[in-house]
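Notes for the one structure printed next.
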Amino acid sequence: MRDEYRIWEQRQIDRGIDVEWVKERIKEFKVETPSWGYGDSGTRFKTFKQAGVPRNLFEKLEDAAQVNKYTGICPTVAIHIPWDKEDDYSKVVEYAAQLGLKIGAVNPNLFQDDDYKFGSITNVRPEVRRKAIDHMLECIDIAKQVGSKIISLWLADGTNYPGQGDFRARKHWIEESLQEVYAALEDDMRLLIEYKCFEPGFYHTDIADWGMSYTFASKLGPKAQVLVDLGHHLQGTNVEHIVAFLLDEGKIGGFHFNNRKYADDDLIVGSINPYELFLIFNELVAASLDSKTASTAANIAYMIDQSHCIEPKIPAMIRSVLNIQTAYAKALLVNREQLKAAQEANDVMAAEAAVREAFETDVRPLLEMVREEMGLNPDPLKAYLESGYGEKILSRGIGGKGWE
Amino acid sequence: MRDEYRIWEQRQIDRGIDVEWVKERIKEFKVETPSWGYGDSGTRFKTFKQAGVPRNLFEKLEDAAQVNKYTGICPTVAIHIPWDKEDDYSKVVEYAAQLGLKIGAVNPNLFQDDDYKFGSITNVRPEVRRKAIDHMLECIDIAKQVGSKIISLWLADGTNYPGQGDFRARKHWIEESLQEVYAALEDDMRLLIEYKCFEPGFYHTDIADWGMSYTFASKLGPKAQVLVDLGHHLQGTNVEHIVAFLLDEGKIGGFHFNNRKYADDDLIVGSINPYELFLIFNELVAASLDSKTASTAANIAYMIDQSHCIEPKIPAMIRSVLNIQTAYAKALLVNREQLKAAQEANDVMAAEAAVREAFETDVRPLLEMVREEMGLNPDPLKAYLESGYGEKILSRGIGGKGWE
Amino acid sequence: MRDEYRIWEQRQIDRGIDVEWVKERIKEFKVETPSWGYGDSGTRFKTFKQAGVPRNLFEKLEDAAQVNKYTGICPTVAIHIPWDKEDDYSKVVEYAAQLGLKIGAVNPNLFQDDDYKFGSITNVRPEVRRKAIDHMLECIDIAKQVGSKIISLWLADGTNYPGQGDFRARKHWIEESLQEVYAALEDDMRLLIEYKCFEPGFYHTDIADWGMSYTFASKLGPKAQVLVDLGHHLQGTNVEHIVAFLLDEGKIGGFHFNNRKYADDDLIVGSINPYELFLIFNELVAASLDSKTASTAANIAYMIDQSHCIEPKIPAMIRSVLNIQTAYAKALLVNREQLKAAQEANDVMAAEAAVREAFETDVRPLLEMVREEMGLNPDPLKAYLESGYGEKILSRGIGGKGWE
Amino acid sequence: MRDEYRIWEQRQIDRGIDVEWVKERIKEFKVETPSWGYGDSGTRFKTFKQAGVPRNLFEKLEDAAQVNKYTGICPTVAIHIPWDKEDDYSKVVEYAAQLGLKIGAVNPNLFQDDDYKFGSITNVRPEVRRKAIDHMLECIDIAKQVGSKIISLWLADGTNYPGQGDFRARKHWIEESLQEVYAALEDDMRLLIEYKCFEPGFYHTDIADWGMSYTFASKLGPKAQVLVDLGHHLQGTNVEHIVAFLLDEGKIGGFHFNNRKYADDDLIVGSINPYELFLIFNELVAASLDSKTASTAANIAYMIDQSHCIEPKIPAMIRSVLNIQTAYAKALLVNREQLKAAQEANDVMAAEAAVREAFETDVRPLLEMVREEMGLNPDPLKAYLESGYGEKILSRGIGGKGWE
């Protein structure tokens, strides 16, 4: 490995890359995994139950700790309320700490209660809107208890048929509701507003695209930002362009990473279109180097949100983390002076090559070296698979906690 | 109403339409409703349970009989095995007959057994393929018992990741399996092979488009045909063109009607894009008038396949049936000589107008008259809603039989 | 016709519709046609030249006057600079006035000069940006000369490859450039900012969606608004939702009407998906009745923007105007109390029916009556075709002015 | 480089890869470039003319020879009739031979003659169909003269509006016409039938998808096969699945390579989604190793079909060739035993990893070594750019031959 790395390193140095800086950046980079990603989930046709799935939040944290143990970059875990509701959150914080973890974003659930059949904060019935607001306030309260600074809001509200809902009235209810929620945020907390083009609503979604999230977030104030889920766009959307636009506006607060070929398929990050993932990180790295956007870029929450229907949960999560890390590492290898020079010369071929060349670079020698320097096994997935943990948890049996 | 109808009729006669022929065609036209359309279904996020949902096949038939009672054109009901599995099918047939119904297509279920997690007839494990074939043979046997002539096959098999499956090996297993199933069909039975672009598989579906269904059906023989589900295409697909192509090949055997804006949304037929529905019927009517395609057109099974997540099931079904009937009635009003003349003159504007004009025609006066002549209430949905049936079935309670 | 209309009117009155109010609204409704819609255009593969195409702006105005003569609702004509550049605009205004016309929106062209190969106001070269800004300032000047109040900006800028352009730098250049343009607007002028998801840029478009137009327009001020072109969205976009959202924000200023099945196909309005067109008007009518949004709704510029590749230009334009008028008329027939009541009761079926019922209504009797009352021929297209104008202009020959 | 290659080679040997076999395969692999790819092309909005573009077929061949000189794998050039029509094809063959080239596929043009405004072989006018057939027969004749064995047919026929054309009548005309063309093929010639979902037709395309190409090709006989253009699919299409399906049927004859993000964008191959390109080659390599499909795989024509609107033509072509070679090289590095074992164990993660691992491998060391062994410069694009050829041809001036 040493020889391979040395040759690799030399090639990068020859390209004008500051490899030490790259390594530092990689070591600082963190990804948050979601508690619900360790549980069972499926399609509307079937949820295939897996053996060994955690039965409660504590076991989810144990699984998340494994991901952190082998990747070294996943010290926080997002939670979903009420899926992860507990009576005493101090025990959660304490147990997480024992495992080397902290609680990350708190995610309200506004789509599974029967009351939300026709919407939560967009419901025509004031008592349902009240309930939904109260639930979000409860989540802020939980966030305070667990030391979380982020409320990550996916509003599943929408309609299935033309005429079913009054678009503008519903918009007003969102504005009203979020104002109340926003007012309850502490100064160092943020509300991240997700958008999604469809599903579960099949005619319209109340927060359908980044423009709507952005409008709501802008009206609320600086503590509200947009959350970009990679699976929530229509086919053909140039996501990296949206990311760059929001970075420039100081209005992107985080990601929900996953991948898709069709709709919100929630597959392993980078498994379908790795180049798109890289191009997104290319924008993030560029923005981090620009004084105008650096602070926004520095505060982005990198979170995974997937649904592992047929694959084992922990390996799928490790794979996703590694794919994100890979895309980030490649983006760090873009020679930005070269790229800028090509852009300024309108040299299309050279500019494209500057970006693609970084993507084509095999960063495995680099990442293996970084992991060694971090005291990790250079092959995290192999190390996990050989650890016996996957077999040990089979004793949990079938029927662990899923999306309900 | 009489006056309105008379003026309406005169306008059509003036346009050169044989209104009596149109009325006859409408009276002969039948739509099949699915047993599972009366049960609960939902999205992967939530199935909202409705009160009054049937608890077994017999109650589903009762609900289907209501749809037939008020629309007058739904005398058959498709069943899904094992959702509708019964010990004694003679009782099913008998009860259906009492309700004025017959059993229509038999639908095997190859996606909900745990064994099918990695595919049914495309599974690498021969014992799973055997089980799936046996299930289809069982369905043929049930079809014989209930007097059904159609096996309607949706193969949910697919993969979620590149590399997961061997496309060509899986194709061979489909061919092998369907040959065995085909051989078990009686002479007057048909195997209709559905296709779907994605879901539940998110990387590939083994029968992904009409071309694959067509290839399999062609190799099997004349008793195998393609089934077109309106929600199973990629965005932008010109479905009416596919329908015309398959009609010309004698290889379309039936439809699963529903509507969608995004993916396989399974909404009420004609609720999102009524013009597309009309254009499909425009091809069907044209083909029925052409000696080369008339017999294929005459044997098409018009079936509904929907998922009523938030709306009441029986009214949604009636609405769908009426929307189909409306589209068909409008297609019958195209002046085909005029259309042909415009096409032959390359008069784009006139040809387009000939088709659109029929679509823009309000056929409610016609359908109301036809219903009166059939001894039906001219407004089937209103009549049903006022009948008290919807309230009566509430005594069934919550928790009726859904998609499992 | 009288009898038919009387029965039609009675049915509407019975439904609770104020037919006189509907007729008034229809009479007030205006649609603007584009000068370039009368010229030759095509695909990248071929522009089929038509005989009789106007050779200059004056002949384009003559053709537009025909559309206004027969439809009665097209008194303004949008122009495109430099396609319609003239030395003396007072002659243009005068000739238009003789024809009963006024000049509508002025459209700068930022995509056909060789200098714009790598962008206009997003070009890395300051002198090209300067040229593009100057061109827009020139258009404002022309607008003043012709009495136009609207600058309609489609920015074709974009890139074809990852890396080619710096998204954020280009965004800043747009902001800078538009500020200068905005500052030159008179108090009663508006800058309408169009967006488009792709083409001619095939990797990214600098103003790709409504959210970007909205952000730019918001930063500029109240005289800047969003322009919605119906063909500029990704597949599946719910355009009526965007329209409602922008109405609520007071930030929609106009439409470019056309229709498409795939990309920016620029087909006759309403020819592919008439229901979508109706649903857009449904939002516009609703907003016009709401005091919060009425003034925004009242100031919307309804403009056509099409490319008639194979059909005759004037008939295609008349057809488009009539289809827009039809959609508007149907939207006026929605019983809004009924709709609101159904929405407030979460009665999905009734709410959907309230909207669809209006769409299914045949408004030809109404429109024919309105036209008679306006002193027009009830069938504008037929009247035009029989007028002999189409034959008369053949003397112009082949090779009139197209998109260049 | 030697050290780097040796380490690279060792890593592959350790993975179980037969590197010598891989190198042999890469050396045998050929890509055909299109004469029209060296000329000017653009969008419907503008064709930006470039200096140095070839003025005739002979100059196009000179440019193609440069691509072959530096890549070493492009010895054939596809021609387009009438764009490349010549009086004496023996001179063409001779000049090509001097340049080390042969003529590849002959492409009829059925879309630019005014007669084809409403279709070529689907035109209602028999004389136009006759003309189109005659043109194809002429192309076969030219193919004989230039020693080409492939007629590559893209049928641009389609309609813009519902009703405009009779789908089934047009289908029959295609069948009739192609039968006559097929009959004129020599025994060792092939007719490759392309499909395309839309453009220039915006409502329907007569050969819209692979299923239609396949049906026509199957009816014609073994000398007719499907041609897959990577930009001719709807969003979301799994192209590699279609390729595998057609390989299994023995019915894929060639590719038109390019890339797209939205529609038929005709960008540099592999520039938008390199993983998709790799997955397609993954199927091709797998099929080449399977006795059932090996001969089909061995006879596939790998052709480029792009439109270089803003980038210099020759460098863009070299880049495309290299990207194809890269994808192929990576596909050769899949450990097929490992992949098969993972598939047979339903080990989703391992199967996915087996494929992705090959993609992530940096094959530049390998390709550089292969080129050296072939006597080529290891960096073909750099070598071309430094050769001075690009500057030399500027003397051709502006206004070379484009798509017309």
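Think of it as A, B, C and D in the order they're written, each chain with its own count starting at 1.
Everything that follows uses one rule, which is that a residue touches a chain if its C-beta (ideal position, glycine included) is under 8 Å from a C-beta of that chain, and two chains touch if they have at least 3 such contacts.
Going by UniProt, the chains are A, B, C, D = L-rhamnose isomerase / sugar isomerase.
What you see is a predicted model, and the numbers here were worked out from it, not measured in a lab.
Peer 1: Going through A-C, A-D or A-B one by one, find the pair whose contacts repeat those of B-C for over half of the pairs by residue number.
Peer 2: The pair repeating the interface of B-C is A-D.
Peer 1: B-D versus C-D: which has more C-beta pairs touching?
Peer 2: Higher contact count goes to B-D.
Peer 1: Using the average of all C-alpha atoms in each chain as its centre, how far is it in Å between chain B and chain D?
Peer 2: That gives a centre separation of 40 Å.
Peer 1: Indicate the residues of chain B shared as contacts by at least two other chains.
Peer 2: 118, 160-162, 197-198, 203, 235-236, 238, 261-262, 268, 271-272, 275, 310-311, 348, 352-353, 356
Peer 1: Give the list of chain B residues in touch with chain C in this complex.
Peer 2: Where chain B meets chain C, its residues are 3-4, 7, 11, 235-236, 238, 261-262, 268, 271-276, 310-312, 315-316, 319, 326, 348-349, 352-353, 356, 359-362, 364, 381.
Peer 1: Applying the document's contact rule, which stretches of chain A touch chain B when the two form their complex?
Peer 2: 41-46, 48-49, 111-112, 114, 117-118, 156, 160-162, 197-200, 202-203, 235, 260-263, 265-268, 271-272, 307, 309-311, 403
Peer 1: Given the complex with chain C, which residues does chain A contribute to the contact?
Peer 2: Interface residues on the chain A side: 118, 124-125, 160-168, 171-172, 197-198, 203-204, 208-212, 214-215, 234-238, 240-241, 244-245, 247-249, 275, 279, 282-283, 286-287, 290, 293, 339-340, 342-344, 346, 348, 351-356.
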